[in-house]
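Next up is a structure, given as C-alpha cells.
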Amino acid sequence: MKGPLLLINFKTYLEATGKKSIELAKIAEEVSKEKGVNIAVAPQFSDLKSVSEAVSIPVYAQHVDPIRPGAFTGHVLAEAVKSSGAEGGLVNHSEKRLKISEIEEVLEICRGTELVSIVCGNTVGVSSAVAALNPNMIAIEPPELIGTGIAVSKAQPELITRTVARIREVNKSVKILCGAGVSNAEDVAKAIQLGTEGVLVASSVVKSRESRRLLAEMADALLSKPDSSLVGSKRRITA
Amino acid sequence: MKGPLLLINFKTYLEATGKKSIELAKIAEEVSKEKGVNIAVAPQFSDLKSVSEAVSIPVYAQHVDPIRPGAFTGHVLAEAVKSSGAEGGLVNHSEKRLKISEIEEVLEICRGTELVSIVCGNTVGVSSAVAALNPNMIAIEPPELIGTGIAVSKAQPELITRTVARIREVNKSVKILCGAGVSNAEDVAKAIQLGTEGVLVASSVVKSRESRRLLAEMADALLSKPDSSLVGSKRRITA
Amino acid sequence: MKGPLLLINFKTYLEATGKKSIELAKIAEEVSKEKGVNIAVAPQFSDLKSVSEAVSIPVYAQHVDPIRPGAFTGHVLAEAVKSSGAEGGLVNHSEKRLKISEIEEVLEICRGTELVSIVCGNTVGVSSAVAALNPNMIAIEPPELIGTGIAVSKAQPELITRTVARIREVNKSVKILCGAGVSNAEDVAKAIQLGTEGVLVASSVVKSRESRRLLAEMADALLSKPDSSLVGSKRRITA
Amino acid sequence: MKGPLLLINFKTYLEATGKKSIELAKIAEEVSKEKGVNIAVAPQFSDLKSVSEAVSIPVYAQHVDPIRPGAFTGHVLAEAVKSSGAEGGLVNHSEKRLKISEIEEVLEICRGTELVSIVCGNTVGVSSAVAALNPNMIAIEPPELIGTGIAVSKAQPELITRTVARIREVNKSVKILCGAGVSNAEDVAKAIQLGTEGVLVASSVVKSRESRRLLAEMADALLSKPDSSLVGSKRRITA
C-alpha cells in the first residue's frame, strides 16, 4: 500500500455491528474512491467476511491470536482471517494486549499467511520495542487519550515526533500511524505534519451522524504534507 | 430444544475453516434432517454468519466475551454473535477458560441477548459449581481425555454418573452434555446410557474422511435410552 | 477456628509493608488477646515469614497459585506459604481473580498442604458456585463496594442474607465472611446480625491513625448476635 | 556490578524452599567469596527477607508486578521487594510472561525504587525488542531448552552470537546473560566465549547433590575470556 492510510476501527460498537458494519464500510469505500485516499476498515470477527464481500477497500481483523491451525476453540486463526477476505490484522491493541513473545509469534504467523500486521504501541518505549519485531505498520496510541476526543498530535505533539524518531532508530521502513484521539480533519492533518503516515480512528467516525462528511474531510487532511521543519531532516536520513 | 443434542465443535481446524466450514455444516444439517436428531455446529467467529445463512440447524459461537457494546477491540460481543444468526455460544471451553466472575457475567449477557449458553466444566467440582450459575447446558469435559480418542464414558463411566448426580444436587433443569473423547457411535450411546443428554464432538468428525457416515451412526446412537439401573432412580428424583 | 473472625488484608499498602506490617500485626495480636476474639492478618508474600515469627495470631497469604513444586518462577507455592508459618490463604480475591478450574486446583493443593482456604466471591451466583468446591471459608465481596467505605451490610443487607441462604443450599458447613466496605464497628455488628461469621477489612484499618482503637471497637462488635428474625430460621435448618 | 554474573533461580523447587533456601544461598555466598566471582540468588517471595538477612550476596525477586502501592491484593510490590533487602528482580521469565506494556511499566517502577532489572527474552526478536526498553540486564532463554539440560550455547551457538549482535544494535550498554540449559562448567565457559556476560542457572544447581562443587566449577568457568574470533570484532564496534 502506497501513500497515507486512514483505518477505521469498528470496535464492538453497536453502530458498526452486523448490517451496520456493511453500511459504514460502504461509506468508507465511497469516500476512498472519491478522494483517491487509502481507507481501510476493521470490523468485528463475525462481520469480516460479509464486509470483505461488500467492499473492495482493505479489511482488517481487530486481533489475531498467536496460534496455528488445530485445537484452539474460541481463538482467532490467521488462516480464517485470511479466508474471510481480510488483508491484515491489528495486533496488541490497547484493549487486547499481548505478551511480547506472543506479538512476535503473531507477526511470524501473519508473514506466513500473508496478512499485513499493524502493531499498536502505547508509549515511546513500547513502540520502539515492537519496531524491533518488524511488523508492517505500527500505530502509536497513548491509552490515556483513547476515546477522549483529545488528539495526541495536539495534546503532545512532541510525543509523536519523539516516537517517530525512536522507531526510526530501530526500524527504517515500518509504516507509522497515529492512533489515539483523532476525531476530526485537523487532528489528521496534524498527525501527518508530525511525520506519521496515517491514522487510526474509531468512535468519532463510528458514532458520527455524518460519517460520510467527516470521513471526506479527514481524507482531504490525509493528503497534507509533513512539516519539514519538524520531521524533514529525520525523514531524509531514514528514507 | 427438546431431545438429545450432538454439537460439533469446529475448533480452529483447517478442515473446517472458510468454505469447508459451510460444507461440513451442510452435511450436519442433512444428517440432522434425515435422522430427526438435534445436531448443531460451532464454527469459528469469522464463519458464523456464512454458516448461519447456509444451514437451518443451530449454530453456536465457540466463545463469547464478558463485555457489553463499546470500546472492546478484538473481543467477541454477544450482540454480534446474535446478529450473525447464531443461536448460542460455548463458554469456558477448556481451550478458552474464564474467571468465574466472567462466566457469571457472560451468562447474564447471554440471557439478555437471548443466546443459549453451554458452559464447559473439567471436573465434578467445577461442573457442579457452574451449575449454580444456571446456564442452559453444561458440557462435562475432563481435559485429560480431550482429543485422545478415549471417551470419558468408557474410561471413567463413574465420573459421568457422579458428575451428573452432583450437578443435579445444585441444578435440576440444566441440560448435561458429555464432552470429551467422544469419537464414535459407541461412545455416544454410552454417554446417553450414563444419563447425559447429548455430546460434544470435534476432531473425530471434523477430520474424518467419512464425516457423513460417522455422523449418521452417532445420530442413531444419540437415540439410545438411559440405563435405568445406572441413572434411572436419580433422574426420577430430579425430574 | 471457633467463633467469628476478623481478617485484616494488608493489600499492597505502604502503611503495611515491611517493618510496618509487623507493627500492625502486633496491634492486631494485642487486640485479639485483650478482647478474646479471632483476628488474623494477610500481609504481602515477602512479609509472611517475619510477621508469622512476630505474632501468634493466624497469618494468611493474600493469594496462592494453582501450582505444585517445580519450575514455576515467580509463582506462589502453597508449600512455601506453609513453611513461612502461614495458616492459610486468600483465593480469588477481586484484585486477583482466578479461572474456576484454577480455584478448584488451589483448593485441592491447600487441602494437601493443610492450608486453610478463604475463597472470595463477588456475587450471589459466584459465591454459591464456589461453595460447591468446598473451601474452608467464603468471603462475600461485591466489587462495587470495595474501598468505598460503604458497607455491603448497610447498602444492601438483603444481598448478604440472600447470599448466605444460597450458599447454605449448596454447602452447609462453609464459614461465611462479609468482605466489602466494612469500615467501622457498626458495619461489623451489622454483618454478624445478617448471618455471616466474620469480616474482611483492609484500608479502613490499615490506613487508620487509630488502628488499635478501631480494631478494639470492631472486636467488640464481632461478638454481636445474629438477628434471629432475619437469619434464625434459616440457620436452624442448615445447622 | 562489575564482571560476569551467575544468577541461581530457585524457582518453586522444594529443594530451595524455606530453610533450604537459606542453606543454598549460604553455599552460593561461600563460593562467591572464595572465587571472587559475582553470584546472586533468586528465592521465592516468602523467602526473600530471610535469605537477604542471611547472606551478603545480591538477592533477586523472581518477578515484580507492574503495580504501585495501593489496593493490589496478591501482587508483588516493588517497594516490598526492596524493603525485604533484595537488590533487584527478574521480569518476564518464560514461566511468568508479561505484556509488553507491563514490562515497560515494571522497568519504570524498578528505576523508581532502585531495583536492578533482569528482563528475560525467548528469541532474537523479543530480546532485541526488550533491549529498546533499557533494562539493566537481559537474559536470553529460548524456552525449548529450559530444563532440558541442553545448553543453548552448545545446541545453537550462533543463536547466542546473533542475539548479542542484535541487542547491541539497539542497546550498547545492557548486560547480557545466557539463560537456558546451562548445567555445567563447560556450558558456562561456552556462554562467556560467545559474548554474554553471565548465566542464569536453576535445576542443575538447585537439585544437585553437590551444589558447592558444581558452583565452584561454574565460578571458575565464568572467568573465561570471550572468543575474539567469534565476538571480538562486534564487541569492539559496540563498545
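Letters A, B, C and D mark the chains as written, and numbering starts fresh at 1 in each.
Keep in mind that, in the parts below, contacts are C-beta pairs under 8 Å (C-beta built on N, C-alpha and C of every residue); 3 or more make two chains touch, one makes a residue touch a chain.
Quick caveat, the model's predicted, so the values are computed rather than measured.
Chain centres were defined as the mean of their Cα atoms; on that basis the chain farthest from subunit D turns out to be B. Distance between subunit A and subunit C, defined via averaged C-alpha coordinates, is recorded as 46 Å. Averaged C-alpha coordinates put the centre of subunit B at 37 Å from the centre of subunit C. In subunit B, 94 are the positions where the chain touches two or more neighbouring chains simultaneously. Taken as a graph of touching chains, this assembly forms a single closed ring in which every chain touches exactly two others. A list of each chain pair in contact follows: A-B, A-D, B-C, C-D. Subunit B meets subunit C in the complex at residues 92, 94, 97-104, 121-123, 125-126, 128-134, 166, 170. By the touch rule above, subunit D contacts subunit C in their complex via residues 9, 11-14, 17-19, 42, 44-50, 61-63, 67, 69-77, 79-81, 83-84, 90, 93-96, 146-147, 202-203.
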